[in-house]
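What follows is a set of structures to go through.
Two complexes are shown next, each including chain A; its partner changes from chain B in the first to chain C in the second.
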Partner chain A sequence: MVAVLAVIMVSYPVVVVTLRAISKQEIGSALTFEWISALVDSARSREALLNTLIYTAGATVLAMGLGVLLAFLSTRTDMPGGRVIGFLALLPMLVPPFILVVGWVAIADPAAGFINIAASALTGSRTSWVSINTMAGLIWMTGLFLTPYVYLMVAAGFRNSDAAMEEAARVSGAGRLRLLYSIVLPLQRPALLAALLLVIIMAAGDFIIPATVGLKAKIYMLPSLIWQNHASFPHRPGLAAAQSLLLVVVGLLCIYFQRRALSRGGRYTTVGGKGARPMLFSLGRLRYPLGVLALLFALSSSVIPLLAVGCMAFMRYWSPYALKPENLTLRNFNYMLFEYPQVWPSAQHSLFLGIAGATACVALAIALAWYVIRARGRLAGIVDYAMVLPLGIPGIALGVGILSLWILVPGGIYGTLWILLLAYVTAHIPVAMQFVGSALHRIHTELEDASRVSGQAWAGTLRRIDIPLMAPALIGSWLLMYVVILREVSLVILLYNPSTIVLSVGLMDVWQNGFYPELAVYSLLLLVLGVIPVALLWKFARFS
Partner chain B sequence: MTLSVQGLSKAYSAAGARALDDFSLDFPADQCTVLLGPSGCGKTTVLRSIAGLIRPDAGRITVDGAAVFDTATGVDVPPEKRRLGMVFQSYALWPHLSVAENIGYPLVAAGVARAEVARRTAAMLEWIGLPGMGARYVHELSGGQQQRISLGRAMVAKPRAILFDEPLSNLDARLRERMRLELLALRQQAPFTSIYVTHDQLEAMTLADRVVVMRAGEIEQVGSPEEVYKRPRTRFSADFVGIPNLLEATVRSAAGADLVVDTVVGALAARSWRSDWRAGARCTVAVRPTLLTVQAGGRSGRVVRSVFQGASTIELVDFDGTEVTIESLGEERHAPGSTVSMKPAPGAVFAVLDD
Partner chain C sequence: MKTRRAMLQMSAGLAAGAFLGVRPARAASDPKIIEAAKKEGSVSLYTSASTGPSNAVAEAFRKKYGINVSVYRAGSADVATRVQSEEAANRPQADALIIEEPALSLLAPFLASYDSPERKAIDAAYRLPNSTLIRMYMSQLGWNTNVVKAGATPNDWKDLLDARWRGRFGSLDPHVTATTLAWQVMVEKLYGPSFLPAFGANRPKLYASTNAMSQAIVSGEIDLGITNSFGVIQMAETGAPIAGTIPKNTVLFGGNIAVFAKAPRPNAGRLFCDFCCSAEGQTIINVAGATIPTHPDASAPKAGSLAQFAKTISFSQPDYRKIIADTPRLLAEWEKHVR
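On to the complex of A and B.
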């Protein structure tokens, strides 16, 4: 029952998006191919297609290059500070991307960015060295945001590589360079391929950067255009659905190939592997220069933008000449926290949705993981496959799918907080299930058998044996769900209305008003709401 | 209390070979029945079916005359209602619970009052030789101690029978021997009905009141340990209880089941499971290595290898192309290549195999 509902929940958005893309009006009206052909017939759509392609390619190359390089340098070389750089490289995952966008605006705005202010001060006249409002700027930000995902997927492989295989290559006469390109990197091929496909999906479906800096710079991309086709005149939801369908197809193809790469990775796994630590490549004279460079990149992916946001939050106004001590003020905090009408309702909604959504995801994940792994129900295979779908569907496209169905149901959940909750659970259940599933896999079935034979029925066994044993994974996945729900924008941008606004979407409003110092305060609030419960729970979980 | 299994069948895949094929056996009260066989012979399937952890395709399982599983009537009592105890190969102790909580778990599950749980858990800790260890956690204990806790948990609720699933196979050789003797001592103190699954013939010989040799889902032989060891019924049984010498023989004379047979090592007295023998018939005789002695000289055999292994000496002797293994307690060894002859121990009777 739960399994059937879960499969329907994750698969109907794809069907709905497809139907909507070939329907003239709402689903059920006459069929047409005008939206599909408008993908390339409309000049704006064509432009967005090309931009999305360039943006995705650029961000993917940057993230892969940076991620693999940082992972290699920090795990497999004698570069100083490897551990610190490894930590810094992962830090952006904890920070809502919106804050980083605000940070980069503060740093590299063509007029008032810190870099250009410094340049003006040096040259004595108004100059603009760098601009974030360019395709290069967009690629730079996205590349940095995606680097931690590459790092995470590749660094573990580097760290756990089997020293014996490399020693065998050395003994067989391979030099360091040959060892690197003939053994070390090829052994990571499945992880590299999986990371590559993940980054392509995330870049192509990324919403926040195209919809903020991208629109400001008039660089149109598919996700931002989908939003515009819904939210502003002329309304063209059919075209939006066709554009979503294109993203969904690309995303699902990537997911398919990623799964295949990971499952074929089996032949790369080696027996044992618990040998000596693999040897560290010596960088020689490049040790320190490379260390400084890596540190700079690692810092610029989170710490530097965060500092810039913090700085901006205290400024009375945001202009090229505003960076003076007399312009520092707490007024922004006072205004945003106590006077801005939207802030507390949206904070309440965000907290409710974060807590309820994370709890629902984890509870459903326990039920589904149990069904697939232990009960091996008849639908186990289907559930397992279906749960992969949302991973390949960009948030904005999932939003289109959910919207297009529920808008048809009169008196339904459309326009309430429940549709947001449904969207969050649909989008994030696969990740929660991966966490819970791998935790359940690690519990030896004899631990459950022993409980059954001892007189405890399956429900009691789940409660007294499995859930306590999975507790760290359950808490971890709950926290992750909470944090990603809090920061989610693309998924709910089409589903909220003024009475259900959430913090992350409220940020988009403030962005469009253009009050950057207030935006900085607002985004810091989002960061604090995300980080404080995580820190508290983490501490509580550690010491209990 | 008796436990009985009738007509049990189980196939793990529709097309695959049956793990169990029409398996029937009674397990007498207060006795230890050992299911002995190689991996894949179905012994674990029998045990897990009795526990209720897997569902057989057909058959009937009764405890004290009442069915806990019966495909004819559709009865399938879940494992938690069968009131059995089980000791697992991996011990299956719960790492998030203390030793006392592990042992007391079946009592808590049965709704026993807290003070009573504490009392019986403490008594059980005493009995398994770990008094005062209740507050420890499992990972702080050695493999042997973990195995004893696993046994304590299986016994604490006074189950109707205790099932052992290769409980010693994760221990090192020396500890395995000690635990084997401890288990025997516990059973002699207070007998309980147990079913014990193993592939180790030494464990089977020590612990069993009755050994059941299994092969490919069917029973090969049932008997006391002594009986199975001294009179293996088939080539498979003989091989599995550790008899390396299976010699081709010709019947010289027969008196019912008692035969005199000619083999490469000479004439031997042997007993068969059948009594329809005639002189000149061919058969196979299981010859235990300890019942032969080697004598220097003679012409019949040539020593291939002589291996000193501490308590005894193993010698491999070639008789016209048939290699025979002899184990002796003496320290006399013969140089490889020297010729020897063979003599059976006085009064020794060898087993004639059915196949």
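On to the complex of A and C.
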């Protein structure tokens, strides 16, 4: 029953968006291929597709490279400060994307960025060494933004690696590099593929960076075009739906290749019955230089933009030239925290939705992953494929799909917090499934068999064997859901109403109003709400 | 010089009739409507005005009548899309609307005819059967005073074609801010079809909102830009290095108040409309938004007076119905030459 409802929950937005792409006007009107052919004929759509592919590939390579390297260095080597670097590497995930955008503009804008101001001071004339308003700049920001997702998905796998296999390889004479390439990395294939899928689709569907710096740099991408066709004149939801379908195709292709790569299932089980902590790789003379490099990266990916935004919060107005004592003020805090009417209601809604949404996602993911991977129910194949569908749909299109159905249901959840909760769970259940599924894949069935032989039913086995073994992945998954829900904008921008405003939407409002100091204070509040549970759970995870 | 927030606080004070020189609002609203509105208990406002003025007028209304106002604020295109979706599904949520053209024309079929008693004093030119103009502002040039020194400042739109501003100035994108279409129509009329290609060749940076561009001017991202009067005024109030000029020919924009025909709380919506039309309400929203009121007794001196501006400036009054019909051509030209 849960499986059937879950399949319906994730499928109808796809169906609604697909129908919208082939309907002349609203769903139910005459069918047409006008929007599909407009998509093919439009030079802007083709340019956006090409840009999206370049952007996605670049950001994916950067995020995967950095995420895997940082995860490996901080969990499997004797690099000093591994835990601190691990926490710093996760920080960008907690930082609202607007902070990253505003922070990087403050650092690397060709005219007003700190780097180029310093360059101009050194050379004595207007000099631009770096520019964030380029494809490379967009890739850099998005790559850094996505790195923690890779880190989170891969680090748990590295920590739980099967020491016995590595020991066997070492006894057989394998060197450190051989061990890395023939045992350690291949065993992480499910986690790596899950991270790769997630990062590709998140990069392809990201709209905040393309719609802010991308628009300024005139680099157009599919999500920003979809957003414009939904929310700007002329309103062309049919064309937006057709453009969404392109992203759906990209998503489904990625899923197909991931599934094919995973189809050789049993080989990736890495938590066997005879557990032992895997050994740490010695970095030798590279120990400290690599530690410094990792720390530098971690600092530049979040701490430096945060410092830039932190400066803004205390200024009467924002300009890098205005960093003088006479321009400092606490008024922005007073105004945003005590006078701005949307702040506290939106914080309450976000907290409720973050906690309830993350918990619902993880609980549903456990039930569905068990059903698909272990119970192998009759609908397992359908559930498995259906649960990844929302990944292929950008948030705004998913919002349209959910809105289009629920607005028609009299007395339904439209206009309440429940429609936002439903949207969050629908959008993020695939990611939770990736986490839980890859963790369940790594648990060898011999442990469950032992539990069953000892008289435990499936529920007892799940509770006593699988959930404790999956705890790092479940905690990681919950944290990810929580912080993603806290800062999600595109999904809920069409679904909220005045009485259900959330922090991220309020933040977008302030961003549109353009007062960076107020935006900075609002962002810092969102950051604090994200950091507190992460810090608590991090501590818990450390002792568990 | 007062800060923007000090002005907002002053706006709240106005609700209690504490502002010197402005008469307290006459009790012009129908007492039956006041009574019924209080029973309804709240108002849902959809607004495309900035957060500052929207919140200021909502808070003042709450203080005056004890009726809460839930504010949904978004760009005018977003608001229009939302209303159209809700109306199509017969699930109207909003009672009152504050919006600019051309979105107002798009939403006209969903609005109630309401002749608020508070709008009698407002010039007939600002009144339509189902909406009332309550705030005005204009398109203008703004620049960073640390970068653009006196004597080198631009005076007219065609100064933007000067090579010294190449890649150093900003514009709004008409795909996002539909009011920019009116500016596009005006410059085409003033300078002919060769203006837009030359404008595009000078490589403007594109921004999603007036305030975002004012921020970019102040931070030094760009030297100058095509902004709106309130953007320059509000940013200058923070002490930021920004100044501007209104070219001789410019476009006048306006925010309109209206009530929805299918408002779930029709009396509260009407009472809110009365308040926004009144001298008291218009003073509050225009002081907070640095815009020009249409009520003769309302006072928002920072934004200046339309009569004074009219002595030296020729305002373009766009035909928004024509602009809506012409949008595909205008956007295609923008795509070709600017983007």
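Here is the rule we go by: the second predicted complex is superposed on the first by the 303 of 544 C-alpha atoms of A that agree within 3 Å, B and C clash if a C-alpha of one lies under 4 Å from a C-alpha of the other, contacts with A are read in each partner's own complex, and residues count from 1 in each chain.
FYI, contacts are C-beta pairs under 8 Å (C-beta built on N, C-alpha and C of every residue); 3 or more make two chains touch, one makes a residue touch a chain.
The structure presented is a predicted model; accordingly, all values stated were derived computationally and were not measured.
Looking at the shared chain after the overlay, A:316 reaches chain C, while chain B stays out of its contact range. In the superposed model, A:142 lies in contact with neither chain B nor chain C.
After overlaying the two complexes on the shared chain, residue contacts for A:188 are found with neither chain B nor chain C.
Looking at the shared chain after the overlay, A:455 reaches chain B, while chain C stays out of its contact range. By the touch criterion stated above, A:477 is placed in contact with neither chain B nor chain C.
Which of chain B and chain C touches more residues of chain A is settled by the count: it is C. Shared-chain residue A:335: touches chain C; no touch with chain B. In the superposed model, A:228 lies in contact with chain C only, and not with chain B.
Listed in rising order, the residues of chain B touching chain A in the complex are 51-53, 78-86, 88-90, 92-96, 105-106, 109-110, 153-154, 157, 163. On the chain A side of its complex with chain C, the touching residues are 26, 44, 105-106, 109, 111-112, 133, 211-212, 215-216, 218, 220, 228, 230-235, 316-322, 327, 331, 335, 339-342, 403-404, 407-408, 414-415, 493-494, 497-499, 509-516.
For chain A in complex with chain B, the touching residues are 444, 446-447, 449-458, 460, 465, 468-469, 471. Against chain A, the residues of chain C that register as touching in their complex are 3, 5, 8-9, 44-45, 50-52, 55, 58-59, 70-75, 77-78, 80-82, 84-86, 88-89, 91, 93, 102, 146, 168, 173-176, 178, 181, 205-216, 218-222, 231, 235, 238-241, 324, 327-328, 331, 335, 339.
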